[in-house]
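Got a structure for you, questions after.
Here the chain labels run A, B and C in written order, and each chain numbers its own residues starting at 1.
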Amino acid sequence: MRKELPLLVTILTGLFVIFGHDFAIGEKWQLINAMDKWQTISQAFALLIGAVNLTRIHVNHIRRRKAGYIFSLLLLVALWGYTALGVVEGYKGQNFRWLYNALLVQLDSTIFSLLAFYIATAAYRAFRIRTVEATLLLVSAAIVMLGRAPIGEAIWKGFPDWANWIMRFPNTAAMRAVLIGAYLGSFVTVLRILLGIERAHLGGVGGAGMK
Amino acid sequence: MTWTWTPTAAWVGAIATFACLSYLWAENPVFRAAEHLFVGLATGFGVVGNWDQYIKPTIQTDILKDGKFIYIVPIVIGLLIYFQYFPKMSWLARYPMSFWVGYGVGYTLAFQPAVLMKQIVDSYGSKFAVSAKGGGIIFTQTLNNILFWVFLLTALSYFFFTVKRENKLLGWPAWFGRWVIMVGLGAAFGNTVMARISLFIGRLQFLFRDWLHVPGM
Amino acid sequence: MWDRLMSLDKRVIYLLVAIAIAVPLVKPLGLPLSTSTESETGFNAVDALKPGDVLWIGADYGPSSAPELDPMAIAIFRQALKKGVKVVIYAMWQDGVQMSKNWTEKVSKEVGAKEGVDWVNLGWKPNNPVTLRQMTDDLWGAAAGVDVNGTPLSQLPLMERVKKLDSSSVAFIFDLSTGSPGTADYLQYVSEPKKVPMSVGVTAVSAPGAMPYVKSGQYKGILSGMRGAAEYELLTRAPGSAIKGMDAQSLGHALIILLIIVGNVGYVLRKKA
């Protein structure tokens, strides 16, 4: 029953939502509304799991004195120190916002900005025109890059128009084809879950797989 | 209170920025410290947001003030997830997961078809663009509409694996569709370059404007 | 020579990137900038709102997308407040709360708008898009009855008119998003079922994937990346950080194209040799 009952919960919840939304009586009784709040509350109380997992991993590093455990200590101090500050002060707290804007924003955006450098080296070292497909990719990319930046417009007035044309027609067609495929894929996946064929979400809890 | 850059804040931000950029030279302890600090602060930020923006008002207002004690049931459902840390009771953690996955399944089936249908319907409308003034056909727009339709069908045929590609009827559209997808991916690459460069522009704008106070920034 | 060029230290390329982007920021080139139909459509939709209408801004992004999306948010928020349009802000990303706090405070001070009367920041709530959908039927319940500062919604005059996120309360949605949850959720759970027209501002990375919805008219235009933000600033006649970044963007793109060309020429010549 430890395996079948959760599966039944999944199926019944799925059917409940569909009934609540797609049937007139379900809509009239506002079934989803009542249940939405339950879903949100349950998730809110579970969201601490990320912090708990991170703490377990890094406490383990510190206990075993693994290489670089001092960084684990720094992480834990930052995590729980900032959490304590936020719980005391709240979102609008001066110090909480100060740390967010002066430190967290800067760390976050700089780590992501490293991608500007990596994409440049990738373009130099890996972007090779060996086939017709690669040539098409490069030409399209170059037109879009030039058309979407003022330098293209300064070189030739036609670049923005061609960039827009690529974005509106071949790009939109290709993306729509991918989108239709993705939608169909997601329908198939959820149907598999609803029919109890796909059970991955129930397995692996505490190392106990679902056989 | 409006956020403004004080010299201390700007210096802290600049040091954090250079600590992260130092990774470009080589992996180093300063970067590792910055990286761990980032993960710690970001997770703490998530915990506080959850507490401050939802859990606190739900307990204070909904449960204690309005007396909706029934909400204790979803709280218990959510808390069951933590049983995964106790091997003997870990099966209990399956219940919240089942509830959430079931909810996602229901949402997908209830809401997604409408959006997908609109995408499909839009693909097969009339191809002739008619001028609002004279009623004549606008040539370029009509040509683009037809081209779009050809691009879409051929790109779709590339994902059609039911019949072997050796089939001539399906072979050439799939081959052309592959080209269309490549043009699309090229556009995606161009846009990605644009986004990545914007990220670094943002960093330099902070350094020049808020830290170094370069005039005109 | 080509051998040496092809085995160039990656740090030299990093330096070239840094220079190409930094120089135009300090010494702008003043390159021309035009607007696209997609940006104009989004701008016109907000411009067509009447004083008193409610515009809903989704702040679904974090610091890493701020250079692209913050200027859009500032321009749209300013345009709306100046027209007397009321604004409600909601973040499906936690970072969106602090991001939006920064620009709402700055712009409302500049325009002289009053929080709670002219605009409300609902902050972030967990479990999106479920919470977002619940807002279409019961906004106050979904928002746990409080705004970003913990002020009860009953004490905010603007919220008396906005009890549901649907066409009876909200005239237009402008979602600024980095990914998921974001624009697709607004489309699926709000715009389509509740018939609220919407437009989007997205990072350049997300723009190609959003184009099918622009073509089908489900998104009324799109602002794509820093270029989209610069175009919006141009349309609102309020130059900001996006317009200032456009020259740097130009040289950055030119450098990448140059790197691809040099890389390929070197590859061919080395192969021949």
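For this structure, a couple of remarks:
Here is the rule we go by: a residue touches a chain if its C-beta (ideal position, glycine included) is under 8 Å from a C-beta of that chain, and two chains touch if they have at least 3 such contacts.
Just so it is clear, the model here is predicted, and its values are computed rather than measured.
If each chain is drawn as a node and touching chains are joined, the picture has every node linked to every other. Comparing chain C-alpha centroids with the centroid of the full set of protein C-alpha atoms picks out B as the closest. Highest inter-chain contact count (C-beta pairs) belongs to A-B. Annotation: 17 Å between the Cα-based centres of chain A and chain C.
In this assembly, the C-alpha centroid of chain A lies 6 Å from the C-alpha centroid of chain B.
Work out the mean CA point of chain B and of chain C, and you get 13 Å between them.
For chain B, residues that reach two or more other chains under the stated contact definition are 1, 3, 24, 45-46, 49-50, 52-54, 58, 103, 107, 111-112, 115, 119, 148, 184, 187-188, 191-194, 197, 199-200, 202. With touch defined as above, residues shared between interfaces to two or more other chains in chain A number as follows: 37, 39-40, 43-44, 47, 90-91, 97, 100-101, 104-106, 108-109, 111-113, 116-117, 119, 123, 138, 142, 145, 148-149, 167-168, 171-172, 175-176, 178-179. Among the residues of chain C, those touching two or more other chains are numbered 14, 17-18, 21, 64, 66-67, 95, 97, 101-102, 123, 125-126, 130, 133, 148, 150, 204, 207-209, 212, 215, 224-225, 227, 249, 252-253, 256.
Of all the residues in chain C, the ones that touch chain B in their complex are 11, 14, 17-18, 21-22, 25-26, 28, 64, 66-68, 94-95, 97, 101-102, 105-106, 109, 123-126, 129-130, 133, 144-146, 148, 150, 152, 184, 187-189, 192-193, 203-205, 207-209, 212-213, 215-218, 224-227, 241, 244-245, 248-249, 252-253, 256. The touching residues of chain B, when paired with chain A in their complex, are 1, 3, 8-10, 12-14, 16-17, 19-21, 23-24, 32-55, 58, 71, 73-75, 77-79, 81-87, 90-91, 93-113, 115-116, 119-120, 123, 144, 147-148, 151-152, 155-156, 158-159, 177-194, 196-197, 199-200, 202-203, 206.
On chain C, the positions that touch chain A within their shared complex are 8, 10, 13-14, 16-18, 21, 31-34, 36-38, 62-64, 66-67, 95, 97-98, 101-102, 123, 125-127, 130-131, 133-134, 137-138, 141-142, 148-150, 204, 207-209, 211-212, 214-215, 224-225, 227, 246-247, 249-257, 259-260, 262-264, 267. Looking at the complex, you find that chain B touches chain C at residues 1-3, 24-25, 45-46, 49-50, 52-54, 56-58, 61-62, 103, 107, 111-112, 114-115, 118-119, 121-122, 148, 184, 187-188, 191-195, 197-202, 204-205, 208, 214, 216-217. Interface of chain A with chain B (complex): residues 2, 5-7, 9-18, 20-22, 35, 37-52, 54, 56, 68, 71-72, 74-83, 85-87, 90-91, 94, 96-119, 123, 132-134, 136-145, 148-149, 163, 165-181, 183, 186-187, 190-191, 193-194, 201-202, 205-208.
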